Structures are given as structure tokens and as C-alpha cells.
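Shared between the two complexes below is chain A, which pairs with chain B and chain C, respectively.
On to the complex of A and B.
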């Protein structure tokens, strides 16, 4: 059952990723990128990591995809221009794929069976974040607040004389 | 007796599933159960949508001193049927220069996300269609996809009005998503769970709206919900007098009806979540009234919230874009953060009368300071233009 689901999701995700890389219009590529994010969140659901899957949808489709789309619209106007096919990109992609496969094949520690873990519930994540990982959480919080205030200062109206 | 009336829909579903039990594989029963839930959800909310569309026009008519629709059927009640037939037989026009695929997919995506977000709301005792541990998170994760759908509608139409409308819609939806999410946080903190059923269970004794932080958070949540569902007074994305119909300009016939339906279903979903978070879900206001079935309480609360939506539409004029943005970032967001602090104060002061007063004090201090800082009195002067004379 889960193998069938894995195969279907994998095919859809890979197809969307391929479409994002090859589609002629930049906007279509951005939208298929969003479909690929959805596929990755489906993988998280399949693995029982419900929280991570939901956050994947929330952050990547709700924020990152919208950001990409906005960037395309607000920057240069050749978004409609037909792009040529980039063969050097294929070479780089194949080289990276080969290197990763080689590294995975040669890593001894991957051969052991994965230990059975209890399902990752929201409650457990919250508990871990509030006990063991409270300092990293606070640092990220301060960083994000600083970024928010910085963004607000950037868009503040200049003082009128 | 009261208990059996309360659980009548659960019993009905068990009866429907009974022939399958025993000799069908587990996944088939699960699929059948989900299909029954989806069918019930769609049936109830599409009927409510039809009813709401005619009632809204009737109530607006009453407020504006005229009759609403009164030609079709008794009291004009069959108006939605006539509207539906009209929408179905209208020509479906797709602009020649439009992006056909994106233009076609946008209404489907927007309706799908709206209907999905209905799934996690508890409509009565044991009546949550889709039980999921992070239900609140699911609601917002699905809701955030709407922005992309609106953008697809605006961009795919290849029309300047559509694009402007979509940009306005996305700008205000992103701005108000922040207060919407932050006002949920105090409830999640106090209950200690993202599960809607547990949030409802925590409000058995007292609804959260009766605490100072809960009341403020509820009002902020309701206003943000108004913006998220693009309702008056925040309907700049489809401002008819300025940009035709915003991102829906190039849609006609049933695709337009789908957008319309998604807007109303989004409204039902946000109201349902507000009821779950602040108004005690399906609980009765006092325990003596618990003999009335839970789903009746839920739909009573839902209809009173929907009436407020219509009331606001009949009363308030449309706000300007800059007013909406200023309100979100300068007032809503600081107040939403104050709610978190006030909830923490309430919790650590023992959740009693002392905590009630302390959290009220925190909110009052921040409110007064904000109104001094923002110089609200000066802001009601005529607008000054920077780039136009």
C-alpha cells in the first residue's frame, strides 16, 4: 500500500520538478515548483511526520511560492521571453546526481536497519522545542523578529519636511 | 433521549457502514467513511451557501429600505435555483490571450482549498469530519494556498484589472494572515494543543471569549477573517467601482459561480474556526441548555456570525488600500501580540478574577499607548497626496 503511494507521489513530484526546469514560461515553471512542494509534503505525510508536512505546505506554498511569483512579476519584463535549453545544466545535474549516488553507495552507516521510532506528534515537537532546544528556538525567534522590524523600517515613509 | 438526538447523525453513519463491516478490508471502510463525511459536508454547506445568498440579499434589502428578491417561489426562496440555472447555461468565455490552463485551474484550486478547510472543524459532539492532530495548522496551511489560486486567476486572465485585483488580494491576505495566526496562538498556548476537539473540550466551563484576552483576540480574528474572505468593508480586491471585479473580471458562467461559492465557503470556514476557538464550539452557553443537540448550538452560533457579516456589509463603506495596510501593521499586529502576553498573565495569575483584571490592565495599557502613538485623531483629516495633485 505505502509502496504504491510512494511510487505515485515520487512520479508526480519528479514530473513537477522536471516541468519546473524545462517549461518555457517562467510563470508556469514557478507554478509547477509549487506542485513539487506539495509532492514533498505528501512524502512527509507518508512518513508520519504530519507537522512537518503541514509546515511544508504552509511555508513553501503559502510563502515561498508566492514570493517567487511576486519576484518574477516585479522584476524585469522578459518573463515571457522563450528560454533556450541549457545543456550545461544537464551536465551539472548529472554530475551532482552521480556524486550523490556514489557517496550514498560508499557510506557504511546507511546499511544498518533504521530503528523503530514513535510517531512524531505536534505535542512531542513542542515539548522538545521547549526543553532541549529552547536556546536555538529563542535565537531563531530573535533573528526573525529583527528581520520583521528591519522590513518595517525599510518600508517606512520618509519624513516629510 | 437527548443523547440519542445529539448523536443521530453518528448513528446514521454507523447504519450506512454496517453492511460493509466484517467482510470488507479495512481501507475500504475507511474510504467509505470518508466519502460519507465529504458527502454530508458538501450537502450541508452547499445548501447553506444557497440559503445564505438569498438571505443576504433579503437582509441587505431590508437594511436599504427595499424588498429583496421576492419573485421566485414563496418569499423569493427559490432564487438560488434560478441563479444556479442561469449560471449553468451561460456561455463560458475564455479570453483569446489568456493562459488557458492556468485560467481553467484557478477556480478549481480556490474552491478545493475552501472546501478542504471545512474538514477540520468540530460541528458537534463526535462530529469532526477529519480528525487530525494539528487541525488548526491544517486549516491555515490549506488557507495559505488560496493566495496562489487568486494569483493564478489574476495572471492567467491576462487582463490589467484582473492582475491589479489579484495583487491587491494577495497584499491584503498576506498582511492579515499574520494577525489571524497570532490571535490563534493564545488559545493554543492556554489549551496546549492544536487539536480542534481538545480546544472545544477545554471550553466546557467557560468560553475563551469571556476572558479579556479572548475577547480582544476574537474581535481581531473576526476582522482578519473578514479581510481573508474579501468581504465588505475590505473588498478592495474586487472593488466594482474601480477595477470591474478584480481577479474575477474575465470569468463568466459557472467559473464565476465557483469563485462566488469559494468566497462564501471560506467565510463559513473562518466563522466556524472562530466559534471553535473562542465561542465554545458546539457547547451550550450554560449547562442547563445542554439538552439541545450540540450541532444545533454550532449552527445557531454560525448563523449569528454570518448575520454580523451581512450587517457589516449593509453598514460600512469600502476602506482604502492604504487604510487597510496601516490598520494591519500598526494596530492589529501589536494588539495580537498583546493578546499573547495578556493570556500568559491570565494563566500565571491563577486563571481567576485577579488574572482577569491583570490581563485587562495589560490590554488597556497597550491600547491607550497605541492610540497615542498612532495619533488617531489626526488621521481622520482628509488624505494628502504625495505623487498626485
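On to the complex of A and C.
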């Protein structure tokens, strides 16, 4: 885990996040959003959670980013007109960041280096999902089904009387 | 690279998401901000898992996997709601959505 790689990924991710939050054109913001998730996946790879990094790429760049692009295209002719920007949000975000950083700088137990741990294999994750985490897995399955059916019902054409 | 640096990056990401959710008036930007905040929380879970000495179970990783699944469900429903609201009100500006019965 090199510090150089970490710094580069951190700068890239934060720049992409800022771009996604502030760019005027929605399509550019959606692309920066995808780049930001690529950066977060790189963080996961760097921290040794390769499986989560891959899942993140599949789910966010493969599915959520595409969904966002579709939504932008479906609501297009309105997109360029919504230009308001509320500056009080900047104040709140900076205040929250200041508070969090202050708390972390004053916690000495956080200044630790990563210990040597044995790599987490997909085999082990699958085993855990099928034994100790089987109820959460089933609940998430039911939740995803319900969410997809709900999303479909939401976007069904309204009947015109 | 210490735990505190990872947490600072994650906090910065969370605050950018908060900024997007609070400042932008377009509904899709608010969803993007919420997704960013969830990703920052996932980063925290993974970081705390990685910096613990020999964890018996990779709980942080499992929580992150479930959080990703739930975030995907939330994104699907949220974007469907944006489309439904757009059809009804012909706008996605959250400042103009001020009627309960329309």
C-alpha cells in the first residue's frame, strides 16, 4: 500500500466528486460521477477488498450511472433551465468537514498503520454469505425485488381520463 | 498511510456529497449527492476492517456489500420518482415542487 498511489487516487476521486457536484451540464456531472466511483473502487483494491471494488464497479458504473444517464435523457428539455445554486450548502458542508477533521485529528488511536492480514478470498465471502449472513442476504433479495417492482409501478403511464 | 488519512478523505467525500445534496436544485444532483455520501460510508467500513488486527470475521466487508445492494435499490426507486414527478409537474427543480395536491 504505497502512499504515492493513495495520494493520486485521493486527488482524482475528490476532484471527480467536486466536478460531479458543481458542473452545470448534467451529462458531464454523470460522467464525473462514474469516474469518482472508479476512484473509490481503486481505494477498495488498495485496501485489500478486491471483491467489494469489483462489485462497486459493476453496480455503480454498470447500472447506476447508466440509470442516471437514462433519467437525464428522459427529462432532458428541462435540464438546462434548472440553474439555482444554494450557497448555504457550502457553509454547512465546510462546517461538517471542519468538525469531522477536528475530531479525527484529536483521536490519537487513529494514527495506526495497517497490520498484516491474510487476503480475503471470494471463497470466504461466499461461505460467509451462505452461513452467517444468509438472513441478511435473503432480506436484501426481497428488498431488491420490491424496489424494482415499485420503480416499475412508479413509472407506468398514468391513465388519461 | 494511516487510518486517519483514509478517514479524512472519506469525510471530504461525504461533505462533497452533502454539498451536492443541499445546494443543487436539480433532483438528479440530489440523488448523486446521496450516492456519494453512501460511498463515503462504505469507504469507512472497509478502512476500519483493514486497520483492525486479524478480524475474526470480515464484518466491514460484508456490511459494505449489503450497503451497495441497498444503495442500488434506493437509486432505482429515486430515479423512477424523478421520472414520475417530471411527467406530472414538467419540472425537476425541487424548489418548484411545492404542492401536495397537484
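Just so it is clear, the second predicted complex is superposed on the first by the 121 of 161 C-alpha atoms of A that agree within 3 Å, B and C clash if a C-alpha of one lies under 4 Å from a C-alpha of the other, contacts with A are read in each partner's own complex, and residues count from 1 in each chain.
As a working rule, a contact is a pair of C-beta atoms (placed from the backbone, for glycine too) under 8 Å apart; a residue touches a chain by one contact, two chains touch by 3 or more.
Source: prediction; values computed, not measured.
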Exercise for the section: Mind working out whether A:55 is in touch with chain B, chain C, both or neither, as first, second, both or neither? Expected result: both
Exercise for the section: Examine A:121 and indicate which partner it touches, taking first as chain B and second as chain C; both and neither are also allowed. Expected result: first
Exercise for the section: Classify the contacts of A:133 with the two partner chains as first (chain B alone), second (chain C alone), both, or neither. Expected result: second
Exercise for the section: Look at A:35 in the shared chain and tell me whether it touches chain B only, chain C only, both, or neither; answer first, second, both or neither. Expected result: neither
Completion exercise
Max touched-residue count on chain A (chain B vs chain C) belongs to chain C
Practice task
Please indicate which partner A:63 is in contact with in the superposed arrangement: first for chain B, second for chain C, both, or neither.
Solution key: both
Exercise for the section: Answer with first, second, both or neither: which of chain B and chain C does A:12 touch in the superposed model? Expected result: neither
Problem - Contacts of A:105 with chain B and chain C, given as first, second, both or neither - result: second
Handout entry: Doubly contacted residues of chain A, that is, touched by chain B and again by chain C
Key = 1, 51, 55, 63, 70, 152
Handout entry: In the complex, chain A residues that touch chain C
Key = 1-3, 6, 10, 13-14, 17-18, 20-22, 26, 29-30, 33, 36-37, 40, 43-44, 47-49, 51-52, 55-56, 59-60, 63-64, 67-68, 70-72, 74-75, 78-79, 81-90, 92-94, 96-97, 100-101, 104-105, 107, 110-115, 117, 120, 124-125, 128-129, 132-133, 136, 140, 143-144, 147-148, 150-152, 154-155, 158
Handout entry: chain B-touching residues of chain A, taken from the complex the two chains share
Key = 1, 25, 27-28, 31, 34, 50-51, 54-55, 57-58, 61-63, 65-66, 69-70, 73, 121-123, 152
Completion exercise
Seen from chain C, its contact residues with chain A in the complex are 1-9, 11-26, 28-29, 31-33, 35-36, 39, 42-43, 46-47, 49-55, 57-58, 61-62, 64-66, 68-77, 79-84, 86-88, 90-93, 95
Practice task
Write out the stretch or stretches of chain B touching chain A in their complex.
Solution key: 27, 99, 102, 132-134, 137-138, 140-142, 144-145, 147-148, 151-152, 155, 170, 174, 177, 193-194, 329
